[in-house]
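Take a look at the structures below.
Below, subunit A partners subunit B and then partners subunit C, in two separate complexes.
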Partner chain A sequence: MHESMSDSLSVTAGHRRPPAVNAHKKREALTAYVFLAPWFLGLFVITVGPILASLYLSFTDYSLLEEGSWVGADNYVKMFTQDDRFLTSLKVTTIYVVVSVPLQLAFALLLALALDRGLRGLSFYRSIYYLPSLLGGSVAIAILWRKLFGVDGLFNAVLAVFGIEGPGWVSDPDTALGTLILLHVWTFGAPMVIFLAGLRQIPQSYYEAASVDGASRLRQFRSITLPLLTPIIFFNLVLEVIKSFQSFTQSFIVSGGNGGPVDSTLFYTLYLYLKGFKSYEMGYAAAMAWVLLLIIAGLTGVNFLASKYWVFYGDTK
Partner chain B sequence: MATRSNAVPFLFRPMRGGRLLKHLMLAGFGLLMLYPLLWMISSSLKPEELIFREPGLLPSTLTLENYSAGWNALKHSFGYYLWNSAVITGLSVLANLVACSLAAYAFARLNFPLKKLWFAIMLGSIMLPHHVTVVPQYILFSNLDWINTIWPLVVPKFLATDAFFIFLMVQFIRTLPRELDEAAAIDGAGYWRVFLQVILPLCTPALATTGIFTFIWTWNDFFSQNLYLTNSDNLTVAVALRQFLDSSGESSWGPMFAMSIVSLGPIFGFFLAGQKYLIRGVATTGLK
Partner chain C sequence: MSLGSRKKMWTVAFLTAAVMTTASACGGGSGGDGGGSGDKVKIVFSYWGSDARQKLTEQALKKFEEKNPAIDVEGDFSNWDSYYEKLATKVAANDAPDVMSIEIRGLSEYAGRGALADLAGKVPSADLDQQVLSSGQVEGKQYAVPTGVNAFSMLANPSVLEKSKQKLPDDKTWTWDQWIGLAKQISAGGGGAMGAEYNPNPAWLQIFAAQRGEKFYDGNKIGLSVDTIKAWWNISQQLIAAKAAPEPAKSAELLTAGPEQSLLATNAGAMGMWWSNQLNALSKASGQELELLRMPRQKGAPTAGMFLQPAMYYTASAKSEHPAEAAKLIDFLVNDPDAASILLSDRGLPTNSKVLAAVKDKLPPVDQRTLAFIDEIKGELSPITAPPKGALQMEDILKRNTDEVLFGKTTPDAGAQKFLSEANAAIAG
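Let's turn to the complex of A and B:
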């Protein structure tokens, strides 16, 4: 009690720098490290240690079953020169990200604009549109998707009403990836909520001034809403690219665990999982993980560099 | 009033009498979005042979048969898997609340050497793809003989590895007036008492957001649970559901849908109860 009393006094009298200040600072730092102890332990044992270990493993042919030996850059070389499935998984994932993220964000922005400002029932609509974002990553929804787009699934039943006989969308290599893209677009609710928050930040007076000046609504959107929203669009873009590049569950469940048909839904992380934990080529999987890290860091970096040309940071914040 | 409606962004902007049309479009789109879910619920209540004959939502015959069949379809009753998921999820929620709030208090309120550096590292770890660490982690846990236990799923959370929530709470604590801490300190409270009796109670919204998201993410998580729980006595809901696809082939959709609905139930419940915190959490930090 007495101790903490004198501590607090030294806080209030800090600028006079009595000798107690140093002792107090020390104590504060010590307390901070106690509060941070679990996090430090986790950082080194669960995060930093494994990152370095995985870098080391990526230069070996380690497998859980037998000790590996140093193989230099073999894993990396093999990936890009001999492993067709790796290149396929890279291609599949890239298509998935490039198609689904812009579509998802476009839907999110469109609906956010439709829901913004004073609409009756806004929170009701917002909840409905947001719900799929919460459920979208679950096994149950992936199962549902597999069944929706099966040969005799709901989608084909609806098509049949119009006299169209649809294929088995998840079992056809041409359309299987499309169903996964659709599933990703379906979860546009989370970025939509972020857009809604961003739209609220735009001062109402800007629109008032613009309409006094006779600016059309389209003009207001182009000259006010869109530029002021670019930081949020950028934020959503970075977030969704990182997230969707690591999608796993949906492709695992919808393809039945192998990325089929004919590797058409073989996501990068699924292939990594198959390599590391099915065939126990853990050195190879670690190398894939590092390539993934570099890809994601690279994409994020490119996003940040490109943002200079289209993201507008006004003085509204 | 006139200027206010002028300020609505142009899309779907109501023309005269267009407000109703807009609501019809929004509601129609919402229904389209939820139709797959509603169809799954309705299908789970239909006799097996009717599921694909009727794409409509209202079942002509109602039955709970799928639920009882699904509940008992696997090695253990489905309640067993629900309990396994509940244990892991409950511990994860507790762990994140404790570990992340401790770290957040230190980052938000205390001064210590290299604070900026550690904070930057913490932020960086949020962006780190999980897959980069998963192989060595698996080796580590398998050396500890932790495969097929709940520890690989729970222990990292007690070590505040979900740094996202640290960030969330730091942001929140920073908005609390420092005078509160100082007043408590003058009254003789040390750091722990300030943390426990001043900061934590005021953090309820951030704690609620953390708890709800941890719940939903852990409940939905398939990758880690599928990786670490392979023994058929240890499965969680997410991993058990997948067994329906393996064991029953493509024939028994009814029971599989029924158990899928059961598995989504808790998430839906949290969604209804915690909407305010969910929406706020997404809007401020970009959580999923």
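Let's turn to the complex of A and C:
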């Protein structure tokens, strides 16, 4: 379908063809558009429409129950000047992203390296380690986490064996975010699988040559594996930063829906949800969504700019 | 080839058409249930709760349809956690249920934003408890009819008390200090049980404040003083320091686990504060005959501070296309003994005196005790009015600030100031 579309585009771009063929191409293009129509309909009705509507709403005091009126940039100003909880949520989310993403990627890379060494039953291990990624964002796991790290949870039971009396990890404001970071790190499977694929791309001959030259394993890792893997690391980094900025389920379930204790797990998206659906400040929530979009777009932009200095694409040098 | 592609295009067109007609047929099917069977009017009734409530409600709605063959009621059920999100979204989409269940804290939000219809004169209310009924008014208009009442009270587990060799106190005269003392003795008794546990419901603070002559909500402002809030926190601080109540982290876990997992219900705690309609579930979970007690008092308090709170209200959408039928359903639910004999005390004890007389003997023993308890304290109760907009957030705000103080993240002074400014902002907004 894609092919036929680009074909028909090149036709309209100027090559004169016999009219019969031209009509045939047109029909093919039409067919393509008919097939694409449901998707376009979905895009405009379900995605683009609401996105534009939310931009408009972010400049109003829309409450969900009543029509809003235009308030200009008030929502945006209030966010940064009067709303302590907004700043808290920004702080909590930033800590979460900054700590958990590098940890998760490091962990994923480590396991990928271990698995790449020609282990028997590789696909089995790969599936096992990938499993948490599928489950990590789920409600069931979040509930399990709450039990695991509760005052009388399994984790404390294990600590008790060593004579340590652990706190209520998920319900203590000092440790609650830590448990969520751990949960995120635990979902290392997705980047691991991508790392594994990346490692397979590195020609074995490089290592052989390095071995002949007497390079140690560590040296090989630093000089061959790491540089050639940077595009993959970069890809994973961008993906995980975006994903973890939007984390919601973990904090919603583990904290019982309010970002507690004492706002220590108040993720940005959770606060957005509380504003929109609990305080009926949908206009404000819409503004928060746009700020989040800008933050993520900005970070991704910075990531791309910085990538020039550390990402090595084999073909550019 | 050309023929092939033309054929394909037609196939697509046909398929699309087929899908669209099927979809619209489905839509018509589910939407026009009533439309098919003559001129039946269809109304929607939304409510939240447990599976048990859903079963009872479906039975009651069936009874209503039997009595009113021209009306078809669709029950729109969801659990508590998602109820308001769902309702608000429906109201926003101009698709509000004709009859909506709303609790007192959400009443001003919905009435004030024009979502509710004035029910005065539309739903007969002469036999209802007039004082409780008046709590369904916002700015002088009867937007809501109470389903039944509860009292926020102290519940005690006699078996735990016995194990720690303590006796039930005389709740007519007991003070907060005595209550704290008793809790300490129970915890120190060595039976392994806690004396008390924490419930974040603002009702406790409301009662405590009333005993000091302060209103929780004073018009559109918070009427609490910093001293009162601090004194109230001090109770929890004393209990926690003496290990007579669980530490805050444990409390937080107990709260997310729900009433059935509370210390009281698992026979691991002697006393706790709950709504009287929770007596049933808590008794069942513990297997004990739990006692309903008055809340302790401040020494020399002008009033007991306790109050009857409607468990929830029936309200009608201001935009309903069938206001008469909606009113009829509400009338049935609160005034018809047939409805009450199915619903019993599930939505609080009925306040319609005639209905109550008719179903009294059918109530399970636990409810009869609650009824007797409420009768006993009737003379000591304070009136209640619907709190202002934003009250739905109060429990969260109070709990968050209480946590900050109890976890030692802030001083009681700073915490009280912060609570007041956040709470005032919520109800002003």
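The working rule: the second predicted complex is superposed on the first by the 298 of 317 C-alpha atoms of A that agree within 3 Å, B and C clash if a C-alpha of one lies under 4 Å from a C-alpha of the other, contacts with A are read in each partner's own complex, and residues count from 1 in each chain.
Definition applied: a residue touches a chain if its C-beta (ideal position, glycine included) is under 8 Å from a C-beta of that chain, and two chains touch if they have at least 3 such contacts.
Predicted model only: the values in this text are computed from it and were never measured.
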Does subunit B (first) or subunit C (second) touch A:94, or do both, or does neither? neither
Quick check for you: in the superposed arrangement, does A:51 touch first (subunit B), second (subunit C), both or neither? first
Quick one: classify A:223 as touching subunit B (first), subunit C (second), both or neither. neither
Is A:172 touching anything from subunit B or subunit C once the two structures are fitted on A? First, second, both or neither. second
Is A:69 contacted by the first partner subunit B, the second partner subunit C, both or neither? neither
According to the contact criterion defined above, which of subunit B and subunit C contacts more residues of subunit A? B
Figure out whether A:22 sits in contact with subunit B (first) or subunit C (second), or with both, or with neither. neither
For A:263 in the superposed arrangement: first (subunit B), second (subunit C), both or neither? second
Pick one for A:201: touches subunit B only (first), subunit C only (second), both, or neither. neither
Which positions of subunit A sit in both the subunit B and the subunit C interface? 28, 31, 35, 38, 64, 146, 150, 256, 277
In their shared complex, at which residues does subunit C touch subunit A? 1-2, 5-6, 8-9, 12-13, 16, 81, 84-85, 88-89, 91-92, 109-110, 113-115, 247-250, 252-253, 255-256, 390, 392-393, 396, 399-400, 403-404, 407, 409, 426, 429
Would you mind writing out the residues of subunit B in touch with subunit A in their complex? 3-4, 6-13, 22-23, 26-27, 29-30, 33-34, 36-37, 39-40, 52, 55, 99, 102-103, 105-107, 110-113, 115, 118, 121-122, 125, 127-140, 142, 156, 158-161, 163, 166, 182, 185-186, 188-191, 195, 216, 219-220, 222-223, 226-227, 237-239, 241-242, 244-245, 250, 253, 256-257, 260-261, 263-264, 267-268, 271, 275, 278-279, 282-284, 286-288
Going by the contact rule set out above, which residues of subunit A touch subunit B in the complex? 1, 3-5, 7-9, 11-12, 25, 28-29, 31-33, 35-36, 38-39, 41-43, 45-47, 49-51, 53-54, 57, 64, 110-111, 113-121, 125-135, 137-141, 143-148, 150, 152-154, 157-158, 161, 186, 190, 193-194, 196-197, 199, 204, 207-208, 211, 216-218, 220-221, 225, 235-236, 239, 242-243, 245-246, 248-249, 252-253, 256, 269, 272-273, 276-277, 282, 285-286, 289-290, 292-293, 296, 300
Subunit C contact footprint on subunit A (complex, rising order): 24, 27-28, 30-31, 34-35, 37-38, 63-66, 146, 150-151, 167-168, 170-173, 256-258, 260-263, 277-281
